[in-house]
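So that we are looking at the same thing, I have put the structure below in structure tokens.
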Amino acid sequence: MYRKVQAGLGALLVGVLAAQGFRRFRQKGPGQMKMMKVQGKSSLSVMGRNTAAAVCALALFGGVPAARAADPLQPDPELEAVTLSAPKPSWIFVERGFVMPGNAIYDTDTGKMLGLIEASELSDMEIDPAGKAYYISESIWTKGWRGTRQDMITVYDAATLKLKTEIAIPGRILIDSRKFNFILSDQGKTAYVYNLDPASSVNMVDLAKGKFIKKIELPGCASMMAVTGIGFSALCSDGSLATVKTAGAKPEITRSAPFFSATNDPIFDNFGYDRAKQQVVFLTYTGQVYTAKLGATPTVAEPFSIQAAAGVPAGETKPLVVNWYPGSRQGNAYHVASGHLFVLMHMGEYWSHKASGTEIWDLDVAAKKVVKRIPLEEPADRIAVTQEANAKIVVTNDAGTLVILDANTGEQKSSIKRAGSGLIRTVEP
Amino acid sequence: MKTFNPDAMGEKLLRRFAGGTSRRGILSRLGLALVAAPAFPLLPVSRASAAKPDRSPEAKTAFARSAQTTDDTKCTYWRYCAIDGSLCACCGGAVNRCPPGAEHSPVSWVGTCINPGDGRAYLIAYRDCCGKSYCNKCDCDGTDRETQLYVPQLNNDVIWCFGTTSMEYHCSTAVLVGTA
Amino acid sequence: MYRKVQAGLGALLVGVLAAQGFRRFRQKGPGQMKMMKVQGKSSLSVMGRNTAAAVCALALFGGVPAARAADPLQPDPELEAVTLSAPKPSWIFVERGFVMPGNAIYDTDTGKMLGLIEASELSDMEIDPAGKAYYISESIWTKGWRGTRQDMITVYDAATLKLKTEIAIPGRILIDSRKFNFILSDQGKTAYVYNLDPASSVNMVDLAKGKFIKKIELPGCASMMAVTGIGFSALCSDGSLATVKTAGAKPEITRSAPFFSATNDPIFDNFGYDRAKQQVVFLTYTGQVYTAKLGATPTVAEPFSIQAAAGVPAGETKPLVVNWYPGSRQGNAYHVASGHLFVLMHMGEYWSHKASGTEIWDLDVAAKKVVKRIPLEEPADRIAVTQEANAKIVVTNDAGTLVILDANTGEQKSSIKRAGSGLIRTVEP
Amino acid sequence: MKTFNPDAMGEKLLRRFAGGTSRRGILSRLGLALVAAPAFPLLPVSRASAAKPDRSPEAKTAFARSAQTTDDTKCTYWRYCAIDGSLCACCGGAVNRCPPGAEHSPVSWVGTCINPGDGRAYLIAYRDCCGKSYCNKCDCDGTDRETQLYVPQLNNDVIWCFGTTSMEYHCSTAVLVGTA
């Protein structure tokens, strides 16, 4: 019955040398002293650590193997967790998906993952413009899918990705992957969190003081854009742009004249936003492009057709007409410095606004001209563009494969498997 | 979790918020908020034309032209023209019924779908079944007349679990409400 | 600018008819009265529901379309959620996987999903032998991945799958998909929960009274099997079987003579268990099959080789020998009534014990004979067998595809995509 | 959540449990529990033979024969002979270092891997990085000398996040401890 035990060797060695290794590991030169400064507030004392090491040292036979002539590899030093620089324009933040949340950080220069900013399902992220923090607007139940709901803005340190604080808020919308349900304003001092319960409102938060300020009822509107010195604007179901002055005790809401049809040719609630110029670029299901100048009284320019800007027939709402249409889940990305809008386009009929894009159209908005059409090897569901001078386009598909393209040449630079299938965010000016 | 000081503070605040907004309170506030919103009134559509929608094949969407009435575990089933998510019919429920342990949301987003059997258009309420984790079976995404978040009742990405014990999304049903 | 709004028709109808539809739905015949009895404790009053209906009825123009001649389809009645019968031997319970937890119930007769028993990541499930409840042994943090840890046995009603109660416990092991870390005893009145923190112990729970009884230290052993009238046995790192008498104030632990090598030729911690006969069937990495009779003093029979039982060379621990080996994540399943062990086998070298199985070997344990070898179209990572007279074998792969085979003929009956990749459980006698 | 009566009751009990077992307490109990366990002493292996393991190609596992020393983001990297999970080297960390925000578990499971460069066997501690959700990149599962749950320190399925602020598993490192 014991015929196989003679070979227990490997396992025995493990026991013996674990003890030896850990001991050496602990007593050696100055490099090892780092151990005491391990990242975070570890609750283990030195004694605790020594005891812990004993877990790997169950069988203390005391035997030490004979020394060998050539130098073996040295044991690794104890290393603190990697820390990060302030977010760079080459970085992208990819929501990994519905059942596997969290925002993976990738550097588009190297194609490497840099870290993960924790987040719950259906959460939203924003980047501190000072580069010191990441903010997650999220909803967590005390027992997974059940228990007490807790809505909060969770603040992570940008260097260590450690939790800094939580700011409780009285609610937020539950929807996946939208860019404009959680926005920052006033150089990152104020946050606005969209809520639907199912009445529509906005929670205003003072990030500097770390507290909720007030709730603003916002009937019939959603998808916010910060308006400097005023508050925010939002798209409304009557086809108007609402502008909310948030400073006073009672928020003032004014509405523009309706300029689009919210049910017949809706504006995608993902759009281009230029904070410095206070300009937005809207795209509709048919492909109409509106630019608007934000302010106390926003002004909306006459729209033009992206298809016409590419020399093909303009999109229509009529059934049975097959044409190029904009679409997908995150279907357009705006490069602020150049004023170019990158749009995922596909061939289809109207009401195919969630279909994956087979081409990227590079639209010079001011010139009203599609200057480039980039065919994609695989259809894409999301698009983003880095705000670098030499911008990179990033697209993902539902399987989570991410492709990085040179925005100037359309050439593919690299790709990352299992990068994530949710919203892609970039560092924006 | 002693190192997480914010936790204790946050929990207290959250409990206050949670205590202050009952579910009934939330829903009855709708009368003041959403319904008061000028939703469509500015669209210059004549009421007469609304009574005569064009349901000829030439007026149908791609979904409507290929829809079927026999298998409600397929995305092509006619009622699913604007559904998004897992079909409850594949999760132990039915086209209009929640799987065991799930709770039907009393409110929902809606769609107008054409039944290929009688050529009529029907109003479909896509009532989510809530209080269980994502079913992840038969994921469909119909987009006929589906619009954006500023018209939430016509948007199929919103988690429509309001007034349920838990807001966790499990799957979606397609309840026939009436002719459209 | 308004040239596209005339076609707002479809959306308008939605608004108008939502109101009309909901009204009709609510006022019609007796079938509709069920509405008031909607499943669960809805906190919505009738007034609340009417108000809620108004959400779908934003634009109350009052227009009603002309009646049509032929009868249109009738509105659906309000239906309560489906309820289930007591668990049947044809049912299987499949953990969906690491990041998407929950136990999906499938009927192997129909290949249909019947429901989902909620569960957290790294949880374990047991079935009340009376068929009235499902038990989940789980660990949940108050804030997703952070906050306060809560360990409990969560009790679900078997008919409604609604949460019945929670029984707090002082800890449990975190590991994925093991069958013998949470077991029931005494006709389902007692539960044992394995814990590793990293000391090894067992938490004993009175399910009838719904409370934790005591913690039993169990150094060096794991993977429990209920021993009727005694307590439980467990496999130990010294190659013995420990038996724990749990009744007294101080639990008594006795150990058998060591009979296997825990490090050289380990017994898979998934094994066959016959509650009625108090017999277990163990399988080692090399393919040795041990049967043991449980009791106050368990007896272990001389082992035999499954490979030899199939007429091929016995498995060895030596490197470089390519042979058939048992393996995969849940690599064997025991059919109690017939005494057959179904084993996932693969060609490989030793230490390939997690490799996917390419064949199922049907071993008649008493006869020490492999009576059938079933080649698999796709390699499998888990295997289970229903305890029906006409048993069905169920295998899954890492992609979550589930295949149902006739255990007598080896013929494939059906398959289910995205069924789950975690542990498969069956209703056991 | 008023309808969930068990919640309130359960939370109180759980808090008691949580309060009663400090992390330091857990780890110092190890001396009494695990180390006292008769782990290997009953195996009749001579100590002399332990000093001369056979590391000839003929004695190597399939993993060892194809292992490489150049790319620690691949499952074939020599140190990964008994790793299980996501490689921290693919998650913003390194072969022996946690990604930002994750915490290195002070205890771990171990493996003995052969370095193809010098032919030596080394003891590798597979220290999990904890306190972040599953990284899900470069998933590997080395099984050289990996055993079952009743020898937990040689089992690679256990979540080895003890003594860390959060037990959530993020990824695994392979720390070189010394020669074996």
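Think of it as A, B, C and D in the order they're written, each chain with its own count starting at 1.
Following the convention adopted for this analysis, a contact is a pair of C-beta atoms (placed from the backbone, for glycine too) under 8 Å apart; a residue touches a chain by one contact, two chains touch by 3 or more.
Being a predicted model, the structure only gives us computed values, none of them experimental.
A.B. asks: Comparing each of A-D, C-D or A-B with B-C, which pair has over half of its contact pairs in common by residue number?
C.D. replies: Looking at which residue pairs coincide with B-C, the repeat is A-D.
A.B. asks: Taking each chain's centre as the mean of its CA atoms, which one is farthest from the centre of chain D?
C.D. replies: Between chain D and the rest, the longest centre separation is with B.
A.B. asks: Chain A to chain D: how many Å between their CA centres?
C.D. replies: Distance between chain centres: 31 Å.
A.B. asks: So the centre of each chain is just the mean of its C-alpha atoms; given that, what is the distance between chain A and chain B in Å?
C.D. replies: That gives a centre separation of 26 Å.
A.B. asks: So what's the Cα centroid distance for chain A and chain C, whole Å?
C.D. replies: Computed value for the inter-centroid distance: 34 Å.
A.B. asks: At least two other chains touched by the same residue of chain D: list those residues.
C.D. replies: 1, 3-4, 7, 11, 30, 34, 37, 39-41, 43, 107, 132-134, 136, 145, 147, 151, 154, 162, 165-166, in rising order.
A.B. asks: Scan chain A for residues touching two or more other chains and write them down.
C.D. replies: Residue numbers touching two or more other chains: 2, 5, 8, 10-12, 40-41, 43, 55, 99-100, 118, 142-148, 150, 163, 198, 237, 239, 261-264.
A.B. asks: Spell out the residues on chain A that touch chain C in their complex, using ranges where they run on.
C.D. replies: For chain A paired with chain C, touching residues are 1-2, 4-5, 7-8, 10-12, 55, 99-100, 118, 120, 140, 142-147, 150, 163, 198, 237, 239, 259, 261-265, 286, 288, 302-303, 317-318.
A.B. asks: Going by the contact rule set out above, which residues of chain B touch chain A in the complex?
C.D. replies: 2-4, 6-7, 9-11, 13-15, 17-18, 20-21, 26-27, 29-30, 32-34, 36-43, 58-63, 107, 131-134, 136, 141, 143-152, 154, 157-162, 165-169
A.B. asks: Touching residues of chain B toward chain C in the complex: what are they?
C.D. replies: Against chain C, the touching part of chain B is residues 1, 4, 7, 11, 22-24, 27-28, 30-31, 34-35, 37, 39-41, 43-45, 47, 49-53, 90-94, 96-104, 106-112, 115, 118, 120-123, 125, 129, 131-137, 145, 147, 151, 153-154, 162-165, 170, 175-180.
A.B. asks: Report the residues of chain A in contact with chain B in the complex, numbered from low to high.
C.D. replies: Touching chain B from chain A are residues 40-41, 43, 98-99, 122, 139, 141, 144-146, 148-152, 163-171, 173-176, 178, 181, 196-201, 212, 217, 219-223, 234-239, 258, 261-264, 266-269, 319-320, 348-354.
A.B. asks: Spell out the part of chain C that touches chain B in their complex, as residue ranges.
C.D. replies: Residue positions touching the partner: 2, 5-6, 8-18, 20-22, 24-25, 38-45, 47-49, 51-59, 61, 63, 65-66, 68, 70, 72-76, 78-84, 96, 100-102, 105, 112-116, 118, 142-143, 146-148, 156, 159-162, 418.
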